[in-house]
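In the two complexes below, chain A is the common chain; its partner is chain B in one and chain C in the other.
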Partner chain A sequence: MTTLSQRAPSSEFRLLAVPLVLFLLVFLGFPAVVNLVYSVSEVSFETLRRPEITGFSNFAAVWNDQSFWQASWFSLRFGLLTALLECALGLFLAIFLSPLIEKRSWLMAILMLPLMVAPALVGLMYRLVLHEFVGPVPNYLWTWFGASFSFLGPGSAFWTLVVVETLQWTPFAFLLFYMAYQAIPKEIVEASAMDGARYRHRLWYIELPLMAPTIVVALLIRFIDGFRVFDNVYVLTGSGPGGSTASLSIYIYEAFFKQGAIGKAVAASVILFVVSFAVLYGLNALAARRKGAR
Partner chain B sequence: MTFSTLRKGGLIAAAIASLMASPAFAKVTVLGWPGGPEETALRAAADAYNAKSDTSDANKVELLFFNRDGFWDKLQADLAAGSKAFDVNLLATYSIGRYAPFMEPVELSDEAKAVYGDSVLSTMQYEGKQFGVPTDLSLHFMYYRKDLVEALLKDDAAKARFAEISEKHLGKKLEPKNPDEWTWDDYAATALYFTQAVNPDSPTRYGTVLQLKNLLFNMMVFQSLPRSYGGNWMDESGKVTVNSDAYRKGLETYKLLYDAGATPRDSLSYEFAEANAAYASGQVAAMMQWNAAASDLTSKEKSPTVAEVTETIAPPAGPEGRFTHIHGLGFGLNKNAENKDGAKAFIKWLSSKEAALIYARSSGAPALTPDVVKEVAAERPDLVKLGEFASKYGYVMNGGTSAKALSVYELQAKEFTGYWSGQQSLDDALANTEKGMTELLK
Partner chain C sequence: MINALRWIVFAIAALAMNFPILVTLSTSFKSARELSTNPGLWVYAPTLENYATVFTVSDRLNIFLYLVNSVAVAALGTLLAVALALPAAYAIARGKLGERTLLPLIVNLRAVPLIIFAIPLYMMFQWLSLLDTRLGLGLILAIVNLPLALVILVNAIRDLPGELDEAALMDGATRFQILTRVIAPLCRPAIVTSLIFGFITAWNEFLFGLMLTTSKAVPITVGASFFFAASGGGVQWGVASAVMIVGALPPMLLGLIMYRQISGSMTAGAVKG
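Take a look at the complex of A and B:
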């Protein structure tokens, strides 16, 4: 018996796929082709419709630009750190608060509140919160310790941004982990308890392994989100003194709009796409191999 | 199909068509600067223009606004895409060169020269052509606490301490002066004197507040310092001259003040709003700031701590004199305007004395000539100072209206803040800026 996937596509199948194919061609294919052309062209806002192909000079310019590597390092560090912190905190809260939320489900709504605020507004909010003369945090530090701490200075801006990002997005990780924790079959937990497993053993050998797929997905989503961070960082510090808090997204935005270096900005985005694709492809291959090995 | 059904269908079609059609009275679309006094003033001017008996229905003005955030980038994308969504659009001195390829030169009214004067009209010119009406002018004032400075000038012990501090930090003994006679060294010495980290007896926590965020507008505030030492972006031959003693002096002065703690430690993330908040707290003795802050900082309701003791004057002097960066916001003609004639008529009227006075009386900040400003001096005393400072001290750097002017400011913001924050040396900052500017302005 032939399965659906083995059958040759029928004319109806082709017809039904046309809208989707057209949609992808128009909204993904066309911009992708234009981007590829711009990435190897000398192009400005005046010459958007008549770019001059110049080869790979834009890629060379990006490759030799110290700011590109600085932004890449910032994004990588920021993405990894925030993903780890958010997932660690989210996991702790999901397990620790689970009994409480089971009884008082309205608490969940309160814990989700930070997710409802637009990242740009979070940046704006912290500009006020951390301001020495109007912000509560510096005010209390000054009143109690007579200290004027620089939250957004060169040495501390990165960590302040990490904390701000973590505070906003930990609830997202918490939500995923809470759902996964709730989905663990009660009978397994009860059986392990009857077998004499202590709480930490149950957590380590039963619950965490069952939650592992969710943890991996949460880490990946949060890493991607942290890596491409733009709004709150840009509102809070711009790209930072000397470009010290420029993420790759900010680097590309500034090259495109602020410097008018469209070819260079697009070349950077193409490099980012290729690297991201390679990493995701590698992860996918790894996952497939592990699945096959089981 | 019955007649009743046909009639219902017709009515529905007419209703849909009327919803989809543009309002018949709005034929000239004007894209303005949203959310501030500029919007209020533009609305008043547009209402006055629409109410004129000789404004035909086909040429009445409709205003459009989109968010301030990223305004210039969005405008650039719209203009480059050949948008016809607006006939008249906002433009600024520092972005004329960027938008000029997508705009058309305009003809102003015969009164324009007498209303604004040549230097102000030049803020809307590019390659010798007039691209807009200069409706709002921005420049810098030095805001200072006159109560503190007066007390310092009267106290001999304080004067001795002032001299001691200036000798220690600036290498020369200075004595306190009237702020209108200050050089940049006097400003720095005063800022240090009023800083508790330098002088524990200071009545204020900080002597000044610098706007050091990596932001192009902060570079405009900074430029007046090197300019007063003869600094310029380029010489007459087009060679970039930023790697100069003038810029070195300016950058070092800012660095000295930052390192000495004369400005808040977080100044590297400060821009307009943060600096105003710091000054309004009463913990800052003096600062350079945009004229737009004057109404808030001298308002008893908005700044009760400092309103009555704040004075505004032009920035301090250097060996070459006293300077303030000026740039104008104005309105010009979109090359792809659908109602070009209507747009031209509105722009011409906007440059008349009648329009300028309406604009000024409605919170706008036009820089008017002395003869014209006296008609609104009672209601808008700040405009008298604005016009005076613009004509006496206003400057635009060579290349300041070029297509890459914004990119130059962006470059300077990145390199100079890198130096102030200690991430690179002064030599590297200046060399990188010179290299980047040469590439941008070639």
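Take a look at the complex of A and C:
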């Protein structure tokens, strides 16, 4: 029989992590390498297996492609706006409705329902909701105001998409904030009430600061999901009108599948890859430093 | 008084956020004739004919195939993710292995636009003949599910007292035995949560289904859009609505039944991750 000291726990642990690491190497490591090689190669569907390394012309093509910048701008704007709207609405709902939901948790299930539906299906559903003949929204606008509105037209498509995304994902922010709000120790709230703090002051100086970390996390998650949006935008507007609603994800998808511009699509992927990981690791380092300072 | 206001706000929020679901549900029960005259929410003569059409297999559309595909790829993508994440989570939580490398890498994966891996994966699948197969799509969905499963499981194992492991080690158990006989049973709630969460996420996935499947392995999220172009004369909205309800119902029911577990783990994955 072996004794404790004779065991090598770290090698046993290593063995346990091996399947996951192998899986990641095959399904993410290998694609990452392919991305890097193909981004500096001349490649088409005919020469897929024999890429010819040619330098940085693909990156130059992306850099000089106006629709790449248009898509980046869309993603950035869409991510920021939806994150802010979702978190503002979610925060309001979480705090204002918490007395109701504390007593009846099934109310939460109703508010969570949109999160369960595939964003692609929600996008398709809005094609019905906003349809000029069979859709209820244009119909009610006609009966109540005598006028309707082209929701997916050139000027309005962006804002329609912002509303669609916000209505589906506000529940996510709401949920995070509700949990954080419930986690505030009751003693703190009671003590401040004893000291005669007004509700407004209690909210502003005690409860919101305690929820600040959650607010930052929620903003970040919602920004990222908004930035990389694909499903609902793709089924609702494609990328139109005139490419005005192409997110970066849609830009890459269309470059590859519709234009067959493999080099450009891969180079754009690499740019997005580098930027995302740089930003994420930067944020991690920042969070770790703040944790250490505390 | 203020409580009445809270109820009003709740009603407005619930209605606004669930509006597309309600509209689609109502439209799915309208006959083609009613649809052309009544675009409102109320259905005057409800009918099941749209559902009958959806569940009729034609040479171009086969809802049963899409549903079976979705079940198969979601099950594979979920089980595989948990099977890979559980031992790794144990190694991370107890062996302090890769706490600063592997864990952040995988957690960050949750935040990376997955489209950046999509093109090389498409090429790789072409070489491996995995395009348009359930196996291929299931493998990708496992990647999608991994980050959250890992975070949930690492947190669950960290919450278990370390004395459990010590005692089992003293009794001569190997780490693998401790994992399967001590840790895994105690983590059952967390495992169940990651399975439910993973299943819903995988069921609802669209991008990879769109890219990697064309006919045999098409999941319902992609298959549903086929019904929009069903006949020459434009979209049959009643039929399209019925297929959307069918596609949205399984995760919605799962979510309604398990909303407590889901809300808890969503917070865990977001805040601790």
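The rule is simple: the second predicted complex is superposed on the first by the 260 of 294 C-alpha atoms of A that agree within 3 Å, B and C clash if a C-alpha of one lies under 4 Å from a C-alpha of the other, contacts with A are read in each partner's own complex, and residues count from 1 in each chain.
The rule is short, and it goes like this: a contact is a pair of C-beta atoms (placed from the backbone, for glycine too) under 8 Å apart; a residue touches a chain by one contact, two chains touch by 3 or more.
What you see is a predicted model, and the numbers here were worked out from it, not measured in a lab.
Asks: Give one word, clash or fit, describing how chain B and chain C relate on chain A after superposing.
Replies: The answer is clash.
Asks: For A:H131, using the defined touch cut-off, is the partner it touches chain B, chain C, both, or neither? Pick first, second, both or neither.
Replies: It touches chain B and chain C both.
Asks: May I ask you to decide whether A:F78 touches chain B, chain C, both, or neither, giving the answer as first, second, both or neither?
Replies: neither
Asks: Taking the superposition as given, does A:G240 touch the first partner, chain B, the second, chain C, both, or neither?
Replies: It touches chain B, and chain C stays clear.
Asks: Thinking of the overlay built on chain A, is A:Q168 touched by chain B (first), by chain C (second), by both, or by neither?
Replies: In the superposition, A:Q168 contacts chain C only.
Asks: Could you look at A:F257 and tell me whether it touches chain B, chain C, both or neither (first, second, both, neither)?
Replies: Both partners, chain B and chain C.
Asks: Of the two partners chain B and chain C, which one touches more residues belonging to chain A?
Replies: C
Asks: Go through chain A and flag every residue that touches chain B in one model and chain C in the other.
Replies: On chain A, the residues that contact chain B in one structure and chain C in the other are 48, 120, 127, 131, 133-134, 257.
Asks: Give every residue of chain C touching chain A within the complex, in rising order.
Replies: Touching chain A from chain C are residues 3, 6-7, 9-10, 13-14, 16-21, 23-24, 27, 35-36, 39-41, 83-85, 87-88, 90-92, 94-95, 97-98, 102, 104, 106, 108-109, 111-124, 126-127, 139-140, 142-143, 146, 169-170, 172, 174-176, 179, 200, 203-207, 210-211, 221-222, 224-225, 228, 237, 240-241, 244, 247-248, 251-252, 254-256, 259-260, 262-264, 266-267, 270-271.
Asks: Could you please specify the touching residues of chain B with respect to chain A in the complex?
Replies: 69-70, 73, 76-77, 79-81, 98, 101-102, 205, 212-216, 264-266, 268-269, 273-274, 277-278, 280-281, 283, 403-404, 406-407, 410-411, 414-415, 417-424, 440
Asks: Across the complex, what residues on chain A touch chain C?
Replies: Chain A reaches chain C through residues 1-2, 4, 7, 9-10, 12-17, 19-21, 23-24, 27-28, 30-32, 34-35, 38, 48-49, 93, 96-97, 99-100, 105, 107-122, 124-129, 131, 133-136, 138-140, 167-168, 170-172, 175-176, 179-180, 213-214, 217-218, 220-221, 224, 227-228, 230-231, 234-235, 248-249, 252-253, 256-257, 262, 265-266, 269-270, 272-273, 276-277, 280-281, 284.
Asks: Sort out for me which residues of chain A touch chain B in the complex.
Replies: Residue list for chain A touching chain B: 45-46, 48, 67, 120, 127, 130-134, 148-154, 157, 236-244, 254, 257-260.
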